[in-house]
Structures are given as structure tokens and as C-alpha cells.
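You will see two complexes here that share chain A, one where it goes with chain B and one where it goes with chain C.
Here is the complex of A and B:
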């Protein structure tokens, strides 16, 4: 039984409900708001946080961006945006405000501008001279308590796109894994991976779903970070086993920001000015996607988790999903209690932390990878759609979408996500 | 030459005098118009004006009209969202689908009034109370979500 969330402990053994002969699913946070749907490269799709399967002293964070990528997407394959900040934020005091931020800043390189080719020959190494278009990144750690900004990695390589078998005759993955960079006990990976979120996106056709795994075979751009737990714990001290104080959990969210002003030039690309403005954020799956209504979705992406209750609390107290489940599928979801869904607020505020859309995970000394299961963090294999639909419906029965696992197996070693689908298998 | 010098001197003096007058005018305290009391200031009125602002971009007008008003609203206190005097948000509308707004007003209590709230709610996790307080801060814009804060909040009635 999960100590943080005892009410959810029974979900894994709950009876399946095929509501009205159909099933219901949603996408985690892919193209979830109007503005971000027009700015694909900074669209944060999913966030994961779990204790490392390799060591219980280490924490793994995964922040995925750029949704639903077709593998054969040349000649300009997907990458991270050079002018954006991609960030993972951690609250280690329970007040829902960031205490530590890891920030990735990317830089593009082009070896030969006289060709349209991404690679001009076969690729045998990550630094192969025939890999024409490349990216590198600097990774920073920002301590908001002290104001210290430390560059952890400098010009670390981004894994290339999996163009196809002709470009990678000796195999893609062994080259992609050369992009794993480890410094001072911190491991980082940036690059394309197989989309780990499994779902039937036909849900958005008036809940018309039937267990079709629509995200199979597509890729996503992943940031994966593994750090010692002492790096993220309050004051650098991992809480003792049994600690139930607000600092016994850390709250995690990812974001992307762009410069406030872009000036398009006639004779060159563009110039950017001004402060960085947050344009995407994500922690729990599906909050902005199906809890926040259309009129406030863009504003959600601009706002901070610490303000979630005062900004969006009413939406959480009475989510729209059960009404839809009842109306379209006759799911028999429970009516909302007079005081609203305070149980959901409770899930968003474990161990006395401030309620907010943060992915919270217990970091006390006894925690292991096996206990990292949504909503105590989120593991790659967690069927969060089933969990959240069941919570939303709140009638004692489990609701399942019949898309129960990813098409590719996750790996036991860093960066844990499966190799991306090939553009030419 | 002498005439030109006199003219120049006059010009300088005239300019200085004008500058002084301008300075005096600038220094005069701005006339503060008392905030006109809204004929109807329910939460539904505010939500309606915010809906209109969404369409017309009249955010500044809504803020000018509402910020500073003393409001008397009946709200729902959920204990999990209002556990202490320092961290208290309440529902401005009865729970309903779809929720008409996302915001939950933040309350800053007058001395002793959080205890009055606890007393009125009599240990219930959910209760309705009528409050009165000044709308000290109303954040409204096309970019950021709406939120509001009432200060000097007093409990003036309770139900349920």
C-alpha cells in the first residue's frame, strides 16, 4: 500500500469497468492548449519522477517535449529549440515554490550549409563528420535559496534523430547512447526517444475510443536527468525513513520558456529580446489537458504552481470529466459532493504540502524504485490514464482504457526510455 | 545691444516663471475620486464582467471598478483549502459543472475572525459562510489567470 496515497492503493486490483460498452482515454499533455499547440518545440508532453532502478540513492527526472513526432520527418528533423529554456523545477520545502531548477540551453551547429542532408554519409560515431546537423547543450543548476547558478555541463551532445537504417548501418542506439553525459555524479541525456505515454487519442472524437494505442510508433524529445537525492533534498539532507514532514517529499514540474519579443528580419532569421516568458508547464498528467477549460489553458501555462489553488482551484473541485463519462458513456460516476472534490485536493497536497499541480515523490531514506508509482512520482510504465479516470469517476470501480502498456519495453539502465522509432526501419 | 540684453533677460525670467508654475501644478496633489460603490457586487457580477473582459479586453476597467470595493459574499469554506488564517481560499460559487470560474478568493482575516470562522463552521469540513471584506487585490489580464484577495475579512453569518 502506498503510504502517501492510501486511497489509491486499491486501484491496481480494482475491477475493470467498460462503461457503456466503450472505454475512455485522454492524452497526457500533448497539444493541450491553443497557444502551445502553435509552438510545438516547447510543448511539454509528460513529466516523470522515480527513484533510480540502479540506485535507491538517486532520483530520475524525465521531461518530454515536442509531441507526436513521425519518425520519417526529414529533411529537417525534430530537435530542441535554440532560443528556449527547458527546465525541471523542484520544490523541497512543500510550499509549491521552486527551490532548485535544472535548465537546459541548446545550441545548433551546421557543418555544411551547401546540402539539404541531415547527414552526408553513414554515421558510425556521435561526433561523425558526416553528421551534418547537430545540437549541444549547457545544463545549469540554479539554487533559488542562495541564488547560485552553476553550469553543470558545457556543450554536452544531443543524440541525433534516428534517420534510418541506411544512415545508421551499425545501429542507431549505440550511437545515441554516446550522448549520455555524466559529470560530478549527475547523468544527463537529451534527444529523441520512443514516446513512452500510451493512450488512445480517439478520445477527442466525442470519447470514441476502443483501445487503439495511437501513440505507438511515434517519438518525442526527451530530457533525462539522474541526480543524487541529496542534490534535491532540503538543505542537502535526505529525510530519515518515516519522516512525514512537508520536506519528506519533493514536488516536481517541468516548463519551457521563450524570449518575450521576437523581431523577424528580412535578411536573416530573427532577433530575440526581453525576459524569458514561461509558455508551457507540466507536472501531473492531464491537469491542463482536461481539468482546465479552454479559456484558461494558455493562462495555466503562463502561471506558477504555487498559485494553482487561487487561480484554478474551482476547476479541480469539480472536474468536467465525470460529467462527460456519464453523459457519453453512462459510466455511473459519482455526483460531486456539495463541498467539491476535496479528495483530489488532498492528492495534490501530500504530507502537509501546499496543494498545487506538482508531481510529488517521497524521498525518505527507505524509498526505492518499486515505490515510485503515480501519484507518488510517476514511473514510465504507470498507466496514469486508468488511475486518473478512476479517481475522477469516483464510484468505487476502476475505469480502464484498454491501452495498458507501451509498445516498446523500457530499459533498466539510463536513460531508461526506449530507442526512438526509425525513420526508415 | 542693451535692448537685446534686456529682452533676453525678460525671456529667461518668463521661462523661469512658467517653469515654476508648472512645478507648482505638478506638485499639486492629484484629486482622488472616491470609488463609486457598485450597485450590485456579487460574485456572479464579477464573473460576468470578467467574461466580458475576455471578449472585449476591458481588464483595466474591471480592475478599476472592483478593486477597493467592500464586498459581502456568501462563500463555501472547504477545510482542506482554508486550514489556517495564513492559507485560506474559499469557493465563491456553489460547486457545479462546469465551474463558472477557476479562481478561489484568498481571504486575509481581521483579528480574531479566523477563529470566528472555525466557530461558525463548528468542525464541519465544508460550510457556507457570509463574509465581508475589502477587495484589496484583483489580478486580471489577458495573459495571467484571474485571482483576488479580500482583506480585513469578517464573518457576518453562517449556514450549513
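Here is the complex of A and C:
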């Protein structure tokens, strides 16, 4: 049990012992708000942060975008948006404000515009001349304390879509993994992966779920980054074991931004102008999905975590979820106590950090991959739906869905996510 | 307020500073800011003042969501009046006033490549396309001291961010500077030595994103003057008389509106809080009065600072 989160001690025990008081699940942050549902390529679906299974001195971040992708989605397969900024932000001082940002900027390339084909022949290498449609990216590190912006990677390749067995006769994954780029001790991967979040999306039919793994077989666009912990720690110093100061944890969130002005042209590609405006953000799963109501979901995506208490604190203190569980399923959830759900606020502000929707993870010297379990970071296999519904219900019993693991196994090596489903298996 | 602007004084040629010797411009940064108009329009992008500072002109959308140019008294509570609406206006983004106050020049991002337009300030006048060539997507305009030359930010025909100069009569635009470190230049000011002071929304300087560049008239360099400027779209900048201070509409680290003034010689930075402004953007000075016109693009309002 993680000492940072004593409130979850009961949950962990309860979850292991109790069959749920109802079958209900929800999705993490897929199409969770009206505006972002109309802008799929920058919809941030999940964020993960865990200490590397390969080295306890390194941290892994995963930010997924573009939800619920059908593998057979040709001829224009999914990719990242060229005019967007995709970012992972890190607060290492506990004030809920970003201190370090990693930013991906993508560039599209087309070898042959006289064909409709994504690839004009079989693909045997990542740089195969028959791979017609490709993307590359620049990866930047921005230090908000000093203002320094450093380009870490230049024109790094994006893994291609898993078109099908005819296009990748020698196998897809060995080519996709050629997109793993390592430079100056930092590893990065960008490209399609199997959707790691497991859930029954029938929940949105009046909580009518029955353990159907509705995200099995779909893909997502993933950004995976592995960095030395000293890269993200305050002043570059990893806190000592036992440190309980606010800088003993880092807070993580991901976002995507679009140009403030886009000008559509009748006879050529669109142009843009002005600032980049945040249109999506995510840290904890499910916050904007089921805690923030419809009227404020778009506002959540545009806002900064440091303003969460002011903007959305009331929804945390008196969440809608337990009331729905009682009303629809008779789950017997506890009523909201006087003073509100300060226990949830406590989970969002470990070790004296400012309360905000940030995925916080302990980075002190004694931490290992085994301790990276939500809400101390988030591992790929964490059943966060069970965890959060049980916390929300707050009656001592576990609330479980019946979708308890991903359909594909995660890997022990970078980029850790499973190979994406094939468009023609 | 934390001092987050760095001034690259040592890296920039001395000739860049203290060049705006005109005594027509405001002599000091503004100390007050007052809302003068709201309602009847949305999403204003830029405002300019008549030479005497008594009338403001601004670009926005009217109540039918048509692109329009408005005029309004610079007194609080004034009601704006449309002076031009619809084509050839498409997406007017930046304005500048002729030295005599009789003509507005308009950078318009719309149509296929964007356009530079002109509009006499007398009511009932028509908007004309200057027919400028060699410039795509003009996004910022400023008037040179000779009153015959416009400077513009935009893109070259291959999409490079660039600074141009052109006659007020139109014709070919000449590239003054292009390429890095410019990324997304928008508003600008021209001083007496034809040094261009260019706001760039996405360029990254020593202190962070959002940079004010100084580009000498020979286009030999784009020198970062201040960075980490949370500017609006378009970024606005004007220099006080003597060129001593650059005044820019920005937001603080919590998102509150403000006018930021940077002493060019010392780098000292001061802010005039304007918390009512949601997204302060374009800013211009009156040519012969100590008045600044500023827009709040998100709040849909026009402000007067002095």
C-alpha cells in the first residue's frame, strides 16, 4: 500500500474481497466533452505515469490521443495532427503549475500524390520507399523556470498504421518498433497502439453494462516517453527516500492545443494564425468524463489545473456518480457528508501539494515500478474504473465492473503498450 | 508581479533603441485603462485611434456575424457605428491609420491569400483592395514615418514567416526579413528609423514563448527584445515617443489582462492591470495624442488607455 494514499487502503482490501454492489463502468476520457468530440485528433484519452520496469531511475509517461480507432480505417489512416501541439506537463514543486513541458510537433510527408494508397507496396522497413504517407516529429523540452526550450529530437519517425497482413508480410511490430527513438538518455515513441484502457461503454446507456469489453480491438495514437527521473525532479535532484515534501511527488497532465485562428481556403490547404489554445487536457481518468457536468466540460479542457479548485471544486466535493449509482442501480452509496468529499480532495493533493487534477506520483529514491499504482501514478494495467467508482460510492464495499484487464498483454520493454490491432489480420 | 521578460540589450545593435523621436506619440506608458464600448459587435481584433485620439476605429464582426469596420468615440459609453461591412472584407485582423487620419489600411487574412485593403474614414466610403503582390496572409500592418510606406507581417509564397514593406498605393511587397527566429508574427510598430518592432505569438525566447523582436530597416537580424509575453491574437505593440518604452497588451501568469510596458534601455518591466479584459490584443497609439486604443478580443470590448 502506498503511504501517500491511506484513504485507498480500505479500497484495496475491499476490492479484493467484495463482489461489487452493481455492475457499472465508465470510459476514461474518450469523447468526453462536446467540443473535443468534434475534434478527434486532439482528444486526449488517457495519461499514465509509472516508474520504468527496466530501471527505477527512470519515469515513463504515456499520453494517448484520438479515441476508439477502428483498425480497418483506410484509406486515410489515423495519425497526429500537423497543426497541433501535443504536450505532457510536469509540476515538480507542488503548486499545480507546470515546471517542465515536453512538446511534440508533427510534420506530414507524402511521397506520391498520384495514388490513393497509404503504401504502394509491401513494407519491410520503417523507411521503406513504398510507405507513401509518413509522419515525423520534433520533441521539445521546455523549462518554465528558466524559459529554456530545447529540441530533444528532430524529425523522429512516427510508427505507421497497421494496415494489414498484405502490407506487412514480415510482420508489423518489428517495423513499428523501429520508430523508437533514443537520444541523450531519453526514449520516445509516437504512433498507433492497442487501446490499453478496458471498459464497457454501455455504461452510457443508463448504466446498462454487463462486462462487455467494448474497447477491445480498437486502437489509439500513443505518445510514450521515458526519461531519467532527475530530468523531471525539482532542480534536477531526485528526492531522498522518505522525503514527504511537496517536491517528493510530481504532478502530470497531458494536453493538446490548436491554433486560435484557422482560415479555410477554397483552393488550397488551410492556414492558421495567432496563439495556440489548449483544447484538451487530462490527468486522472474520469474527472472530466463523469465528475464535471456537461455545462463545464469544454471549460475544463480549456483551463489549467491550478484553477481546478476554483472552477470545479464543487463537483469534486459533491459528485454526481454516487447519486446515479443509487438511483439507477441501488448501489447503497454513502450520502455526501457535511463538508463534502474532502477525502477525494486529499487524494488529489498528496504530500502537501495543491489540490488539482494532476496525476501525482512519488519520485523519491526508494520508489520502484511495483509501487506505481493509481493514484500513485497510473500503470497500464490498473483497473482505475473499479478504483474510482469504489472511491465515489464510499460505502465500504467495492464497486466493480466486469472488465478487469486489457485484451492484449502489455510488454516489459519500451514502449510497453501492445501492438495495435491490424486492419486486415 | 514576477519579472518574466528578458531584454536582450547586449545582443542587439544600439541603433535599435531610442529611435522613435516623434513628439506626437504618447510620451509615457499608460497609467489608466477604461472600457469605452461593448455590444453590437463580437470578436474585435485590432483598434486604431484617429490622430487626435478622439475617434477609434476597429475591426470586428457585426451582429449578423459579418466582418466589419467600426468607428466609435473614444469616450466611455460610446456606441460604435459600422463604416464598412462585408466583401471585400473577409477576416480583417489588423489596422493602421494613415498619417493624415483619412484612410485606414486593413490586413485581411481571408480570401485565398489574404489581402491588404484600404478604407477612407469618411462615412459611405468603399473598401478597396490595394492589390499587393508577393505577400501571403498579411496579419499585421504599420505605417512608416514617411507616411508612404506600409510594413506588414505575413508569409512568403512558400509559407515562411516574414516582414514586408510596400507602398500605400499597393503593388509589390518587398521582403525585409524572413524565416527563423520568426514563427508566427502578428502586430508590429515602426519607429522613426524604420526599425520594426514585431510581436510573434509562437516564437520562443530566452524567457519563454511569445517574443517581441526588433528588426532593423536593412533586415539584417531579428533581435529578441522581450519574451514570455502572453500576448493576444494579434499581438499588439506601440512605442512611446522617443522609442523608450514598448507597450503591449498581455495576460499575467494567471490569465488576467494587463498592459505590459518594457523600458527598452533597462529592461525594466511594469504592468497596468486590466483584469476585466479577457484576452487583450491589438494596441495602437494616436499619432498626436497620448491615447492608446486596445481591444479585448474575447470579451468583445474596446478600451482606451492613457
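Quick note on the criterion: the second predicted complex is superposed on the first by the 414 of 425 C-alpha atoms of A that agree within 3 Å, B and C clash if a C-alpha of one lies under 4 Å from a C-alpha of the other, contacts with A are read in each partner's own complex, and residues count from 1 in each chain.
The rule we apply is simple: a residue touches a chain if its C-beta (ideal position, glycine included) is under 8 Å from a C-beta of that chain, and two chains touch if they have at least 3 such contacts.
Please read all numbers here as calculations on a predicted model, not as lab measurements.
Chemist: Could you say whether A:228 touches chain B, chain C, both of them, or neither, answering first, second, both or neither?
Modeler: Touch status of A:228: no partner.
Chemist: Is A:74 touching the first partner chain B, the second partner chain C, both, or neither of them?
Modeler: Neither partner.
Chemist: Touch check for A:164: first (chain B), second (chain C), both, or neither?
Modeler: neither
Chemist: Would you sort A:211 into first (chain B), second (chain C), both or neither based on which partner it touches?
Modeler: Neither: A:211 stays clear of chain B and chain C.
Chemist: Touch check for A:332: first (chain B), second (chain C), both, or neither?
Modeler: neither
Chemist: Quick one: is A:295 in contact with chain B, with chain C, with both, or with neither? Answer first, second, both or neither.
Modeler: A:295: touches chain B, not chain C.
Chemist: Which partner does A:268 contact after superposing on A: first (chain B), second (chain C), both, neither?
Modeler: second
Chemist: Of the two partners chain B and chain C, which one touches more residues belonging to chain A?
Modeler: In the superposed model, B touches more residues of chain A.
Chemist: Considering the complex alone, what residue numbers of chain C touch chain A?
Modeler: Residue list for chain C touching chain A: 4, 6, 91, 93, 109-110, 112, 137, 139, 155, 184, 186, 201-202, 204-209, 227-228, 231-234, 253-255.
Chemist: Could you please specify the touching residues of chain B with respect to chain A in the complex?
Modeler: 54, 76, 78-81, 87, 89, 91-106, 125-126, 143-147
Chemist: Enumerate the contact residues on chain A facing chain C in the complex.
Modeler: Interface residues on chain A, with respect to chain C: 97, 142, 144, 147-149, 260-261, 263, 265-268, 271, 273-276, 304, 306.
Chemist: Would you pull the chain A residues touching chain B in the complex into a rising list?
Modeler: Going through chain A, the ones touching chain B are 292-293, 295-296, 299-300, 302-303, 307, 309-315, 317-318, 320, 323, 336-340, 342, 345-346, 349, 354-355.
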